[in-house]
């Protein structure tokens, strides 16, 4: 039985059109690779990209989305404010959001964090080890103690985000840096998971462990049907039950 | 399809034998009522009680238990240290533990918290409102903004436990107190949920909302299959992948 | 020796001009009462109000402010976006921010939280008990187990803010509600404390315990001289020390 | 003016007697070097060691100690249970505890954490970089973005401790591991800081940054005079203020 989760995988889909190296790694786009990874874990997903109408994220699409994954890099500013705000509002209303790699600087993520989301980085030949620091967390399900990515862009601390509700993964880089790579937040009735790996010039989204983390993260971020959040309302005095 | 979770509902089963008032409310024991509540949510559970051999918690039983729920009150000291330690070790290895009401002073809970777990209390005619403060949390699934218990024993702050990883529920008492009533912790590879209501002289475990919280808590605490925890091990230098 | 902290107490200063009842309680303005309370604890403060040039919060004033306290209610929208953004940036750079009562809906607080900051409320004759749930926290210093406010506006959960790094105070209201009343956050290099009490029609800021909490909160939020945060910077590979 | 904090620096003081290499690095003992580091930061400290009567930690000494620092390695089991329990009780009552390096396996720390406190390790020629991940935290005061230790024993994840209230430092090791190296907890009315570096065969406690972190940690862990914690007490119904 397929997972009933309704997932939308969003990506800029620009690097793949401009840079033959990226296109060779991701012939179906980064979004295509992410969706294929979710399919391996029994999660069907639609995709949406920046150059579609309303970035492919109309109110109708978001209303039918339980969890949105977000990959962006070059064109954060081209996402209209109203689309970003629509995503934020849906998170507050319960939609899950999984933010990947350079999505740290996307409008919805920065808006939801309340910080600059700045970090340090280096493009080069670093390799990365991703360590599990919360083995009982559902996002760590079926992971080894750590997994390794042969080549990745380095992201280093200080990563200017709020302290997470739960820290699940920490990365080590061969050049001497560490990074909090898997972090869980709640915002309103929704849940947000940030996951670091995924530079466009490396086949990161083909990696089995990376795909597993994203699938686990999507399931963790799914709406829980929790108590519905009310908007700033006046409450009349009420008779207490005896 | 029944939930494949293997749940054991543990209770002292003493009040019910001594106090006709308690027996009238819980003819099948408090454990029986808790197990019946789980059954309403599709979770089958075995029960175990203090006066069984090894408190009904042999190594074999615990090895086959994914989540243990714990209700105790009068006889915390009669639980042998080795049984308490066995429970603690299983939590560290990934078993979920749902601690109910006066279980706050049980050996396993105190051992896992590292604090006195003291609180203030009052038996009387308080009533209680349980408020959701984390509506996106799975333990809040399908709850109203708050639910009310007409009569309950009061538990008040300061509740001497560590700050939880996630605070889900806060109680209001008519006598003027508040209490952090639903709290989530991780310990080793296991997860612990504390839930306040459940004095033996009130039909609390027959309440639909209370039953829902316990079922949600059991599902939340279930083992995730996360990265296996290693015990203090020496690590040889290793060749890094290039 | 006076505390060397440079504190600015900000307030709308509108109710006091319009409503004789408020003016009678706060003849020197709400800001005046807050500043007087800080003075009792050895903390000198300047004040600033909405109708001053740049809301009294020029870049020069903020640059000389270690901790800013904020009270606003009617006129959140009249604070220009650039002033709000300036406050946010100063928090990211290390300035402390203590947000009081209806400041929950102020632009800087909402921006720093990343949520709606909505809540439920009731004006009436509630009274409030404020309970300490983290007695070892510096903001709880010299407080009793709880303190009581005879009349206050009710604020109730769900309060739509992120889970705090540390929860210090929880309020009980006679009408049946609870509220997380004292919460600590870090944002960038700065620290934010939200404290609930303070409706303009009650003499809340004359209360000794309230004044103590605000003084403790100001000291807690003071800049620590921590590692300076860097903005998104490229890092060259570096020789590791041998 | 000297800091009025009353600090006790505790150490096993065994390696220094047995191993000439350790004695050469720490001619006044590890405790002597730690106390000397605190003195550089204006904090006077007494010392106490394992082979003194009652481990130098009589009830009288503990009653006069605001913050205790702990270094142990070989002889955790030689600390009598009653001494360990006395330390735990004093933490619950408000004493600060700074646990260093191999103190992760000490009786008081394990008891306060409620977990195994296991980790992985490697003695060799690793070097370590300690990164600040919470620059606004008082324990990060006056630290650079990271500091480096040329040679240290490796400690690696998964470190089996509860998720901290605040994570301040994360270490990078040349052999490929990461470690949460600076973590803050509250337990009862007391505060606990764990800080990783300090293998006995390296001059770690002579390092200026390490000394600064320990001094900052001692100040952070100092008793706050917060609301006194009450032990499990019955509360009579009380008249609410009108």
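General observations
Note that the chains take the letters A, B, C and D in the order they are written out, and that residue 1 is the start of every chain.
The working rule: a contact is a pair of C-beta atoms (placed from the backbone, for glycine too) under 8 Å apart; a residue touches a chain by one contact, two chains touch by 3 or more.
The model shown is predicted, which means the values in this text are computed figures rather than measured ones.
Averaging Cα atoms per chain gives one point for each, and the point farthest from that of chain D is the centre of A.
Pairs A-C and B-C differ in how many C-beta pairs touch across them, and the larger number is found at A-C.
Computed centre separation for the pair chain A/chain C is 32 angstrom, with centres defined by C-alpha atoms. Centroids built from CA atoms put chain C at 36 Å from chain B. Under the contact definition stated at the top, the residues of chain A that touch 2 or more other chains are 129, 132, 134-135, 145, 156, 158, 163, 165-166, 176-177, 186, 188, 227, 229-230, 240.
Those residues of chain C that touch chain B in the shared complex are 129, 131-135, 145-146, 156-159, 163, 166-167, 170-173, 176-178, 180. Put simply, chain D touches chain B in their complex at residues 92, 105, 111-116, 118-122, 124, 154, 156, 158, 160, 162-163, 165, 175-177, 185-188, 227, 229-238, 240.
Those residues of chain B that touch chain A in the complex are listed here as 94, 127, 129, 132, 134-138, 140-145, 148, 150, 165-166, 174, 186, 188-191, 223-230, 240-242.
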